[in-house]
Each structure stands twice: as C-alpha cells, then as structure tokens.
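Okay, so chain A shows up in both of these, paired with chain B first and chain C after.
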Partner chain A sequence: MSDLPLIQADRAVPPPAATTTSTGGRGRRLRLLSRTDRVVITLMVLVPLLLVVGLVWLPALATVALSGTDWDGIGPVSEIDWVGGRNYADVIDIYPPFVPAVQNNLLWLAALFAVATPFGMFLAVLLDKELRGTRFYQTALYLPVVLSLALIGFVWQLLYSRDQGLLNAVLGTDVDWYGDPNVNIWAVLVAAGWRHVGYIMLLYLAGLKGVDPSLREAAAVDGASETSTFFRVVFPVMRPINIIVLVVTVIESLRAFDLVWVINKGRNGLELLSALVTQNVVGEASRIGFGSALATIMLVVSLVFITIYLATVMREGRR
Partner chain B sequence: MSTTTLTREPADTAPAPSRRPLRPARVVLHVFLAAVAIGWLFPIFWAVLTSLRSYEYTATNGYVSLGGWTFDNYVTAWQTAEFGKHFLNSAYITVPAVLVTLFLASCVAFVIARFSWKTNIVLLGLFTAANLLPQQALLIPLFRLFTQVPLPAFMSDSELLYDSYWGLILVNVAFQCGFCVFVLSNYMKALPRDLYEAAMVDGASVWRQYWQVTMPLCRPALAALATLEVTWIYNEFFWATVLMRTGDKFPVTSSLNNLRGEFFTDNNLVSAGSVLVAIPTLVVFFLLQKQFVRGLTLGASKG
Partner chain C sequence: MSRPRTQAEHLARLVPPSVSGLNRRSLLAGAAGTGALLGTGLLAGCGDSDSGGSASKTVSLGSNQSDPKPKEVIAKVTDGFQSSSGLQVAVNTVDHNTFQENINNYLQGKPDDVFTWFAGYRMRFFAAKGLAGDVSDVWGKLSGQSEAFKKASTGDDGKQYFVPASYYPWAVFYRKSVWQQNGYQVPKTLDELTTLSTEMKKDGLNPIAFADKDGWPAMGTFDILNLRINGYQFHVDLMAGKEAWTSDKVKKVFDTWRGLLPLHQPDSLGRTWQEAAQSLQQKKSGMYLLGLFVAQQFSNEEQSDLDFFTFPEIDPAIGAKALDAPIDGYMMARKPKEEENARKLLEYLGSKAAADITVKNDPSTLVANTEADTSGYTALQKKAAELVGSATEIAQFLDRDTRPDFASTVILPALQQFIKDPKDIDGLTSSIENQKKSIFTD
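After this line comes the complex of A and B, so read on.
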C-alpha cells in the first residue's frame, strides 16, 4: 500500500461531542453483561487484535531482535549468533548505498515538505473560497490521489522516457530522466509531489471547512488582510492538522517505495531505505540481520512520528 | 507554469465578495487555478492520448504530432499482459480483504465506542499505529513466517501462505484494520447513547446491539470506508510484489511491473496498460467521488 490513511481529515475538526455517559454507570453496565455478552465482546476484540499483533507488531519486534543477529535466513534458528551492534556498524561502514539512501529519503522529505505541502495548502486556501468551478479544480487536483504510486511511475515514464518521452521531444534534450543518476531522483520527486499536492489539498480543505467562520469575521472586522488573517488566525487554529500533515509527510517520505521500485528497484541514484531493506530480503543476497538493521532504523524513525501523531489525534479526540 | 507571478493576487479578493464578476483578482485566480488544474490533468491526458496512437506512427512522426489513431494498443495490451486474469486476481484479493477489514474493524470499534474501559485507548493506539508503520520494517519476519506456514493444496497451489491469495488478504486486513477502527470508533462514539439504553431495556444482547443498532447507523461511514479501502487495496503494490512469486497470480497493480519487460520499447503499449490499470480506480473516483471525499471528511460532516 502506497497510501497513508487520510485519518487526519476527520480530526481536522473537533469531533462531535461524544455523548458518553458519565463514569458513574460503568461498573453497573459491566455487571449487566451476560456471560454470552462477555464472550462475544472478547471475541470481537480478540480476533482482530490477534491478527494485528501477529502480523504487524510481533514481526516488528522480531525485526528489531533479528537486527542483532547474524542469521542468514536459511540455517536453523539454534545457530543464530548474537552479534550486538555489528550489523549497524556494517550498515554505516561497509554498505555504500546506505548514505545515498538516507540522503534520498531526506531529500524526499524536504521536497514534499518545502514544496508540495505548502503548495497543496495554498491551493486548499484558494479553493476554500466560494468559487465557481471549484469542483472541477478540486477533482483535477486530487485525481492523482486515487492512482497507485506504481502506476504513477508508469504514467510519468511517458513524459520522461529518453527516446519516446515528451519532455525530451519538447526540450530537444537527450536526458534519460529515470536513468541518469544525477537527475532521476528529481524526476521521481516531481511525480511523487504531483500526487502529494492533491492529498495535502484534501486534508487542508477539510481542515479549513472546520475553522470557525466567526474567527475570520472578527479578523475582517478588525481590518486584517486575508493573508494576515490566514497566517495569524486560521493557520494557528489548524494546529492539530498541521502536526498531522507534518507527520503524514514524514511517514510518506520514509515509506516511499513503489515509485522507485517500478523504475529500477531503487538503484543507481534512486536508493531509498525501503528499497534497500527489500533488496536484502527478496534479492539474490539474503542478508537477514543486515536488512533487519536497516528496517529497525526505519521503524524507530517512524515510531517517533507515530507517537506524535497518536498524541495529537487522541488529545483532539478527548476534547 | 508562471505560478510565481500569479500567486500573490488571490490574496486581495477577500473583502466585498458581492461584486464578484468583474474583479480582476477573481479572473487571475481563475486563470491560475485553471492552469494548475490542466497541468495536473496533463500526465493522465497524455497517457490516454499516447495509448490511442499506433507505435509506427509515433515512431516516425514523433510524439509531438497528431495522427495514427488506433485502438489496437488496448487489444494488444489486454492480450499480451493477460489483463483479464490479473483483474480477476485483484478482485480475489480486494473484495474479501475489504469485507473482512470492515467487519473486524467495526467489531473492535464498537467495543471501543460502546464501553468506556481504560484499555480502549491502548487498543485504539495499537490499531491506529499499526496502520502507519513502514511495511518494509515487517518484511523480514513476515516473509519467513509466510514461507513456513503451510496451507492445504485446495487453498493455494503453493501450499504455503507465501504466494497465496490468503496470505495477501491476511496481510492487507491486518494493515488496513487500524485505519478503519480509528474512523469507525470516532463515528460510533458520536451516535446517541440512548439507543443502547433502549436496546438494553428490550433485552438486546451485545451482538444484537452491534449488528442491529450500531451497524445500520454506520452505513454512511462503512460505504465511505469501503470506497477508500477498495482503492487502497487495489492499489497495494508492496506486499503483492514481495509475497507473491507466480506471475500468473499477481494482482493487476503489481503485475504492471512484470509487464514492462514485455513492453520495453513500446511506450504506446505501456500507456494502454497503464490506462487499463487505472480504469477501476477512475471509475470509483468518478462514480463514488462523494463517498471517497466523505471518507476523508468523516466525522467532520455529520451532525
């Protein structure tokens, strides 16, 4: 899955007041449950929980554990030796693609964060006005959001291809946009940004709809220009959605995979952490401990931001 | 696109929205938005255009030309790449995965929303966070696990969870549950509590409260989530790429990658293939746009 969930959109607006009754009745309600009810409730939680723990959380923990071993993925588990931090040292010292991958992931983040995200927000602000044809504009902008990133790689190939691409034909150049390691990461970023802009626009459109109109009216009465109203009033009020967009952007940059994998499996200028992990597992050389160390690095970075994310949405949810 | 020169203008449109038609700022705004929108649609438009032209024509006249219209690329792409089969594979994975995801997620969401237990927040966090982890971080153990778990031959000819539809369905469900739990539990929390009181007075069991009281009221949320999940699971690329081996069993999104070799020198075929793969999501997009957007704004729009 190339997508981050668009959870944030719901949180753009304070949720409708939950009509949860006061805590007083809790114990009583529990006692009112029959035995069948308790079995049913247990199953309702347990089955999905087992699935998520078994297929997501335990593998995540196993990745961390494996990153400290020298397992080759074939030998019996009893022969696994603990090597401590050696895999991590190797990743940094003797694995040439690691540094470019980190650089590319950071570049990806920077490009989405500094260009695509503000542009998406800007478009959302424009489209939030009562405009004729806003529906057409919105549709056009978020059309790429429904396409998979793998497919986007193919669609842009039609523009980027050296011999048959539109770009070279129009510019009269002879650049292999996907192949040349000096330019291909930028070409890919344009395609990734193409999708990201629509996505961010959607999030902010939902966020802007949730901003109390009286705030803007008050600012207008005070004679504030629209620009300063946005930056001084509207933008700060959208703090939760801003944090969420930040987290989404970080996680999306970390998870970026499909696009480079369809182009060249993440080599030759398109190294990304996600692609390196995959190469080490399904590629010719199966280096489990090594790949796990790379995966653990991704995991740790993502968990930091997931925590920020959860803290934000849960705090909002409790309000 | 000359965005930089135009971007400053729209800021001036704020006061007096009543005199809309003649304001030059409005015109600039429209020109700008139209330019961006057309620019945004262009890659898709170009793919469609290329797919409708013959390779021979574009090879001699270049792509910046007009002519050579044909529908053959679609026919060839469909046959060479066996799209029929791959679309079916996608359906085998997407339909059960979406149904199971919605069912399991609504169960958990119901418990979280219906009862106010302290563990609910942990549960919610556990599910939501699972949806946000980078898939690659779980790849190694999951890959090993899937190659170890046997399946009876009638379930998968690989006789393993690896290279089987079952495995892909499971992994998609596990990953997508979190998002649905999150959205549904918020939706359910906003339902009036009196409903349950009334149901309990009638002696309705927890299961009946879930199935006959809560679920019917969640139909809008479920419809929106179903739309989103169909799109996402259909678009899923990573798991199918790494957990499948047999080319014939790939869902359509990941089969694209295998097709490129065959189409290597023929962009017109590639574009026809891309358009074919995009069609289901575009159909969803145009027919169910409301559901799609609603899925994104759930909780914001309901009263």
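After this line comes the complex of A and C, so read on.
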C-alpha cells in the first residue's frame, strides 16, 4: 500500500522517452554479444534444460503414463496393457494401507512443523549465546544427521526393542514400541524428530551467525528484552533462512522414508506413501503400474505444496 | 545355515535384522548357495561325460552367494568342476538382496549362463515366460535327486527348469532340557498341542514363541495350518489364485489360528525372529515354529539340546506329512552363451561330488543330493533330512509359492492385520480376495 505512490510516480515519467530508451538499449546489448558469448549462453541454457527434462520431467511423465497400465516389468514396452484408471480405483477402494499412509504423511508434516522445527530453532538460539561447551552441544545435536541410516536403525532398535530394549528395561514397562500400530508411529516420529532437530539447528545457527550484531545492540540500547529482540528484530531479519527452514521441513516430511523402511519396510502402522511406492515398484514385486499410480498421487500431493511455496516466493519477488 | 563358525560371524549375527538387512530370503539364498554347491556334487555323481566340447572352455555363473562363507563354498565347488571338466567358470557374485530385487531385469538383459535361484512359483513363472532354459536332459543324467525334488523342479509344461542344491525344513523347535525337566511329550494332534501349551503357560513359559516384525515368519504359520487343514493341493491352488480366499476352507485356517494366537508370544509385530528364537534359547518360550536356521541363535554347546517335531495333525484325513521346505538351487538362462558348458555345469552342481564338497566346507545346510556323504551332519541336520525325506509333499513357503507382488503387497500386510485384530476374519478375507482379483488378471 505504502509504495503505491512510488509506482504512480514512475508511471508519471513521459512514456515515449521511456520506450525508446529501453528498446534501443536492448538492441544494442544483443549486438554486443560475440558469437562465443551466444554459444556459451545457449549451452548454459541447453545443458541444464536437457538434464532437467531427461532426469526429472520425462521420468515423471513416464510414471504418470505407466500408472494407467498393469505392467509387471517383464516383456517389451509394446506389450503393455492399458487399464485406464483401474489402478487409481484399486488404490482408493481395495488397498488397505493407502489411507493410513496419507494420514501418517500428514501427521509427519504436522509433527515436524509444530515440534521438531521450532525446537531446532530454539536450540540454535541457545547455542548462539556462546555457552561454555557450545562446540560439544553442536556436535552432539548434529550427530544424528551425520550417522548412517543403518546405524540409526540399530540405535533405535536397541532403545525400542520390546524384550531387550533400553526403554522397557529402564521404565519397567513392556510396551511394544515398534509392533503396536498405535504406538509405533509416535516412536518413529521421535526418532525422525531427533534427526530433524539437528538439521534445523545447524541451518538456523548459520543464519543467526550472519545477523548483524549492531541490530541487537541497537535493540538492547532501546531497552528491548531478549525475547522481544529475537521476535521483533532477529526473526524478521532472518526471513530468507526462515523460508528455507520451512521448505526443508515440508520436503523432509514428504520424502520421509528411510527410518520407516529400516524399521519394518513401512508396514503395520508405519505406512507412508513413499514406502508404499517402493514396496510395489522396487524389488521382486514389480507392480509397476500400481506403484506408479501411488507415485502419481504422491506427485500431486507434493505439487500442492510446491505450488504454494512458489506462489509465496514469486509474490515476494514482485514486492 | 546354522551356528556361527567364527567369533566375527557370531558378532555379525548380533546385529538385528532390521539393521543388517538380513532376512529370510538372504538366509535362504545362503542356504541355496550352499545347497547349490552340494547340488553340484550330486550331479557329478550322476556321472558327467567327457567334455568333448568343441569351442569355448568357459561358462559363467551368476551367484547371489555374497556372504563370505557361501561364496567360499561356491568357489570350492566350481574349482571341483574345473578340475573334473577342464572348463573355466566365471563366477559373477551379486549381493543377494540386490540379486533378488533385480531378477526381472537381470533375466531380460544378458544373464549369466547359469544362475542361482529357488524352486517354486517364481521358477515356474520364469519358465513359462521363456526366461529360463529347459534342463530336462540334465535331469536325465542326475542321480540322487528324489522324486519330490524333481516335482519341485518341474515347470507348468512338465519339463525341468531347476537343479536343486540345498534346502531346509520348517518345524516346531524346542529345547530337550526344558521338555525333560517338565515332562512334556511331543504332541501328535492339535488338541495335544493346545493341552501342552496350556500346561506350559501354567509353568510360566510362553508356549509358542512368535515374531512377525518383518512380515514373513507369520507366513510359515499360515502355510502349515493350511497344509494341515486343507492339504497340499489346496495350498498350491490357493497360491496360484485359483481358490477363493473368502472360501470356508481359508476361513477355517484363520479361525484355527485365532484359537492358537493366545498361546503365542504376545506383541509379535515388534519382534524379530532372532529375538523370538532367543526367548526359546533362554528357556522363556516352550517351542517355536521356524526354519532350521533357528539354530543360528544357539551356541555350539547348545546345538545338541535343540530338537524339533513336525507340526501336529489337525485333520486325520489330511495327516501331517506335508511341510514347508524351501529348496535352493540353479537355473539356466534362456539363451546361454555356452549352452553345452552350462548343461555340464548344472549336471555337476546337482551331483554327489558338488554336494560332498559343500558338506565338507559348510556343515550348516542340508544338501539336496541323497547320495552325498552326510556323515558330517549334526544330529539335528540328520533328523531334518529324515523329516523332509519322509514328507509326502513339499511346499516352498508362501512367498515362493505365489506371485511375489501378491505375497509382499497383499498377504504380508494382511497377516499382520490379522495378528493385530484377529476378530474380523470376514473383512480380512474379502479384502484379500478383492486385491487378489486385481493382481491375478492373466
């Protein structure tokens, strides 16, 4: 609203003069490019374009196309039978793991967004205070992100095992952490959050280090408390990092897969869309048509979030 | 596939399967490999002819035996083949899970002349799709292979496509010391099993150890109940998609299982088979229905305390003579580069000579060739071999007897659902039937 007058001021500049200068400028700039420049530019556009088309768009379109078939991965492509929307109907009508998978993906997003991400940011703010042993805490918290998946699976198996696990031994309970479908998703969310917190903490800490100290000093001089300095000054300044953190959170929850796969291949209460796709497409099962239908559904869900994100970023850019 | 032979191996086995990626398949693969080796020895026994071969002196073997021990045994067996035939074997070893998951692409691409695989639906499926070579003439030269194994190696067209090398049975395992102490008797009928289990419960034991975190162990329970209640032929037809899952016969299997579930170790969906086996080893559980590989969880001293019986009879008209005993072995590519040599290799792999080499180098599997020198077997191995030898029919295990997509994406979650909520059998079977109809379309 406030910049409306400015725009009007711009438009107030005599139009004819503006158009002539701009067209003239553009033409001259084109002519300034040597042949080498043009070749280089063409290559710089073409190579990434081919890569994106070949490695992203074509496979995505092929997935959508295969989702209308019942291909089992055997035999030539010419013999693939077209079954129309049957795979989609099957996914929704008779495939029991589908609904739990969608619910779990949403739950995953909610848990990371509402708990893990804010907690990671909070830890970053604490660590930014240069406490004694900051390095140690940083390493400790970031360790889960560095560890290999196999090791993470092992670590949590040691904690969660019903008969031999640390948790049940310490608490004196016999909760079936991984086997009870009402409990295991929360157990896994704790493990997933454990990794996510470290990741967000590191991202945010890097951002906090980049904030101009004079801003905080100014706020302190003005008598702002620690809390209001953070929320009123630091947080708004870190807008780019905040957006990255948000995007990372959404991406992490959509592609959540590894932990669940390590634990029980995404079954029995731990269904996730990504795990269902893998169960069907990869490996001996080779239900490629059916799995592609699941993958397409996942693509559509991701597109919703990507569209929202892009729309926000573009609105930003325009402003 | 029994006890760890070195400390390193023992330690490696302490890692839970969720971590190591170890599953029954890999175990089977290991068993298959060794079996294959054994099998080779057997074939040699059938008498291999001189290689009057004209052209090439090589043959390639695609192996999923990526674990050190089975890999070593394969090398020894192929050495034996080389010295007896003068042909060079190029062994191409691939990680067993990777091998299994890529089998479709592998067979459609440029497979090795001979490759490791297992008997069952998948073998017949590859044969029917023309992805495997007919080895009936090799069977003509094999000796020491039983009729049951020949049946298990036969495709839908009546020709043989598979050469067995090794196998292991599924049975109910227990510790002799625990049973002697409490005076338990081996049950002969389902009622006796139930009575025994109730007694065990009173004695503070989990009657039947049970684990299904990885999804496949419960298939063993379903298989054996189905074999005992409805017989082998129904098992085959059900697995082939010819029988309805909503039929009363299938419902009776689930119903019987529901009756037995309270006698099983609770909370099985979070437990790995290793943990369940350890509860047997620690004398907390009375018995455990599993494959022979359960012995891995017992130390060398405890091996002699381990015993088993075949799952008791449920219907006297059906008896208790059928069982799950997955067989591992070798197949030939559809168009092997060196077909003559491939046949010679297969003949050797199924022979007594190869089996003898395997028994000598890997005492933890059962070899398919009955002529092999099995004096190196432990008492448990000997008994297991007798059990399978006396079986009237041998099933290959649920996920080897049906389409892999049906087993892994429908039956596996369905059985877990049943364990979670055993009440709704009608809903469960109709859900399976609906999904079956959409998968078994051709």
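Keep this in mind: the second predicted complex is superposed on the first by the 225 of 319 C-alpha atoms of A that agree within 3 Å, B and C clash if a C-alpha of one lies under 4 Å from a C-alpha of the other, contacts with A are read in each partner's own complex, and residues count from 1 in each chain.
Keep in mind that, in the parts below, contacts are C-beta pairs under 8 Å (C-beta built on N, C-alpha and C of every residue); 3 or more make two chains touch, one makes a residue touch a chain.
Please read these numbers as outputs of a predicted model, since none were measured by experiment.
Engineer: Tell me which partner A:Phe154 touches in the superposition: chain B (first), chain C (second), both or neither.
Structural biologist: After superposition on chain A, A:Phe154 lies in contact with both partners, chain B and chain C.
Engineer: Does the superposition put A:Pro48 against chain B (first), chain C (second), both, or neither?
Structural biologist: first
Engineer: Quick one: is A:Arg86 in contact with chain B, with chain C, with both, or with neither? Answer first, second, both or neither.
Structural biologist: In the superposition, A:Arg86 contacts chain C only.
Engineer: Please work out whether A:Val282 is in contact with chain B alone, chain C alone, both, or neither, and reply first, second, both or neither.
Structural biologist: Touch partners of A:Val282: chain B and chain C.
Engineer: Using the superposition on chain A described above, determine whether A:Thr312 touches chain B (first), chain C (second), both, or neither.
Structural biologist: Neither partner.
Engineer: Output check: A:Thr69 vs chain B and chain C. Expected answer is one of first, second, both, neither. What do you get?
Structural biologist: neither
Engineer: Between chain B (first) and chain C (second), which does A:Thr249 come into contact with in this model arrangement: first, second, both, or neither?
Structural biologist: It touches nothing on chain B or chain C.
Engineer: Where does A:Arg162 make contact in the superposed view: on chain B (first), on chain C (second), on both, or on neither?
Structural biologist: Second partner only, chain C.
Engineer: On chain A, which partner touches more residues: chain B or chain C?
Structural biologist: B
Engineer: Considering only the touch criterion stated at the top, classify A:Pro96 as touching first (chain B), second (chain C), both, or neither.
Structural biologist: second
Engineer: Across the two complexes, what residues of chain A are contacted by chain B and by chain C?
Structural biologist: In the superposed arrangement, which is not itself an observed complex, chain A uses residues 73, 150-151, 154, 157, 161, 164, 262, 282 for both chain B and chain C.
Engineer: Sort out for me which residues of chain A touch chain C in the complex.
Structural biologist: 70, 72-75, 86, 90, 93-97, 150-151, 153-154, 157, 160-164, 174, 176-181, 184, 262-265, 267-268, 279-280, 282-287, 290
Engineer: Report the residues of chain C in contact with chain A in the complex, numbered from low to high.
Structural biologist: By the definition above, chain C touches chain A via 15-16, 18-21, 100-101, 103-105, 108, 122, 129, 131, 213-215, 267-271, 275, 278-279, 404-405, 408-409, 412-414, 416-417, 420, 431, 434-435, 438-439, 441.
Engineer: Using the touch rule from the top, collect the residues of chain A that touch chain B in their complex.
Structural biologist: The touching residues are 1-7, 9-13, 15-21, 23, 26, 29-30, 32-34, 36-37, 40-41, 44-45, 47-49, 51-60, 62-63, 66, 73, 122-123, 126-127, 129-133, 136-137, 139-141, 143-144, 146-151, 154-159, 161, 164-166, 169-170, 194, 197-198, 202-203, 206, 209-210, 220, 225-227, 229, 251, 254-255, 257-258, 261-262, 273-274, 277-278, 281-282, 288, 291-292, 295-296, 298-299, 302-303, 306, 309-310, 313-314, 317.
Engineer: So in the complex, the part of chain B that touches chain A is made up of which residues?
Structural biologist: Residues 7, 10-15, 17, 29-30, 32-34, 36-38, 40-41, 43-44, 46-47, 50, 58, 62-64, 104-105, 107-108, 110-111, 115-117, 121, 123-145, 170-179, 181-183, 186, 189-193, 200, 205-207, 210, 228, 231-239, 241-242, 253-254, 256-257, 260, 267, 270-271, 273-274, 277-278, 281-282, 284-285, 289, 292-293, 295-300, 302-303.
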